[in-house]
Amino acid sequence: MLKPLGDRVLVEVIEETEQKTAGGLFVPDTAKQKSQRGKVIAVGSGKTLDNGTKVPVEVSVGDTVHFAKYGGTEVTLAGKEYSLFAERDLLAIEN
Amino acid sequence: MLKPLGDRVLVEVIEETEQKTAGGLFVPDTAKQKSQRGKVIAVGSGKTLDNGTKVPVEVSVGDTVHFAKYGGTEVTLAGKEYSLFAERDLLAIEN
Amino acid sequence: MLKPLGDRVLVEVIEETEQKTAGGLFVPDTAKQKSQRGKVIAVGSGKTLDNGTKVPVEVSVGDTVHFAKYGGTEVTLAGKEYSLFAERDLLAIEN
Amino acid sequence: MLKPLGDRVLVEVIEETEQKTAGGLFVPDTAKQKSQRGKVIAVGSGKTLDNGTKVPVEVSVGDTVHFAKYGGTEVTLAGKEYSLFAERDLLAIEN
Amino acid sequence: MLKPLGDRVLVEVIEETEQKTAGGLFVPDTAKQKSQRGKVIAVGSGKTLDNGTKVPVEVSVGDTVHFAKYGGTEVTLAGKEYSLFAERDLLAIEN
Amino acid sequence: MLKPLGDRVLVEVIEETEQKTAGGLFVPDTAKQKSQRGKVIAVGSGKTLDNGTKVPVEVSVGDTVHFAKYGGTEVTLAGKEYSLFAERDLLAIEN
Amino acid sequence: MLKPLGDRVLVEVIEETEQKTAGGLFVPDTAKQKSQRGKVIAVGSGKTLDNGTKVPVEVSVGDTVHFAKYGGTEVTLAGKEYSLFAERDLLAIEN
């Protein structure tokens, strides 16, 4: 498995088939960035502030998180793909 | 539902039909950015300063906020679209 | 009405007809940015420093301020247009 | 008159006719930025540091200052043109 | 051998032949960055914070680390190639 | 004369005729920036740190300094040309 | 000779003829930056942190250092060429 470094978070991206709008296929009508969903698999130990204290990451293993669609770095583990994000690139948790 | 992370804010964007000027259709005459309106649906726990203290976000659930038109990241929840903003991208509250 | 967030300032822009030079129409002769004038309508609560203290904005409601011509974000309120500025984008107060 | 905000400085630019080199007309031979001169008309109250203290500007009304030729923002006051600079854009004082 | 400076880490990159997906050859289907793996050969003494304290790097000699594919600087030592990374460019440790 | 502001330094650039390599004319063979030499004519009072203390500049009047060839801003004083540098743009002192 | 300013380091670049790979001529196969080697000739007094303390540079005169190939600024001293680097541009010491 992977232990993320610093404030990074390992995420298994969820396929987007259920992400369509109610009316059917998605029709882009704005210039805004889209988000994507994933499940948190592992989290780093946190970010070190300029005063030396460490701030733990705000998400936990098992959380379903949203992030900007083209963020993160892809990593392949045992033939399966994951993405590694800096915590600031995660936008929200489903609850 | 979604719990925004850090100082992020989940907003339901309000359609712009009532945003026209008094004289009728809007005629762009400057190079300035336009703002758009939305309702705050959920807020993050705030931003951590470099000295380790957390500053709560300045807006609350239910507030009508203004933001630059092309900011934020779109997210689809139960077939409905929302936008996630960092607090610094929100400009003002209607009161 | 609008309550600006953070160190933002809501400004009603003043039409530029009296901004011409003494000799008549303005003839641009430099590459410099031009400024524009406006009246302060509302101010935010201020900017939070990295040590957690809040610094109030330096301008007050009613002040006539100068700012770079293409700065700010336009907002329409009751059919009338205003601009929202971060305080650092305001240059001077008329006195 | 104008009261500059923050660490801004209001300057009346001095016409450059006496700025030629000894040998006659100026012949540009380098890729360097040129400076221009002006008289300080008004100064802001200073810049607020991250620890909350305010640092007064280093120039005074009446000083002749040098600055990069295309810096600053032009402002017209009673048919006369001035420039507004952030203090960091002023390079030196004549003495 | 090499002693990395500051928070840099010397890594021996692992050839990617076992990095293919289960189904065979890798077919790129997103705009995301890919990661690559390597073994940590040497680490620097750490990064100096603005308050003067030194933070040791989070990885150790012998760790298998993941990093963005095109990061780092290549260095040749005794005919063998290594890469030098700033610690922030390392994403995760295998465990 | 000129009194530089902040951590700026006034330099009289030295003509480069003695800067050729031993073998004759200089033949550029790398993509590196070249440096140039000059004499320090005047120095500013120093740079104010974020904690409010002022750090004096590290060079003195009369020093021969090296700097990147196309840095600085040119200023003409009594028909003679000088350059104004921020201290961080000076690279070394001859000794 | 030259005394580097701040955290700068004066380096005599080592010719790269022995830098080839074991198999013969170097064939570039990645988009990564290459490093180059040099000998430290002189070091500056160090970098001043935001809290006013000075951090000495981590390398010493006589060290063999590695750096990114196109970094630094070239300087000619007595017909011989050297490079001046900010300490952060040095990557590792040979030991």
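Letters A, B, C, D, E, F and G mark the chains in the order given here, with residues in each chain numbered from 1 onward.
Definition applied: a residue touches a chain if its C-beta (ideal position, glycine included) is under 8 Å from a C-beta of that chain, and two chains touch if they have at least 3 such contacts.
Nothing here was measured: the structure is a model prediction, and the numbers come from that model.
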Neighbouring chains shared between chain E and chain G, ordered by label:
none
Computed distance of Cα centres, chain D from chain B, in Å:
38
Rounded to the nearest Å, the gap between Cα centres of chain A and chain B is 21
Would you kindly tell me how far, in whole Å, the mean C-alpha position of chain E lies from that of chain D?
48
Touching two or more other chains - residues of chain C:
50-51
Going round from chain E via chain G, the chains run E, G, F, D, C, B, A
Which bits of chain E are touching chain G when the two form their complex?
1-6, 8, 10, 42, 44-45, 48, 50-52, 70-76, 79-81, 83-84
Enumerate the contact residues on chain B facing chain C in the complex.
19-22, 30-35, 49-51, 53, 55, 58-59, 65-66, 68, 87-88, 90-95
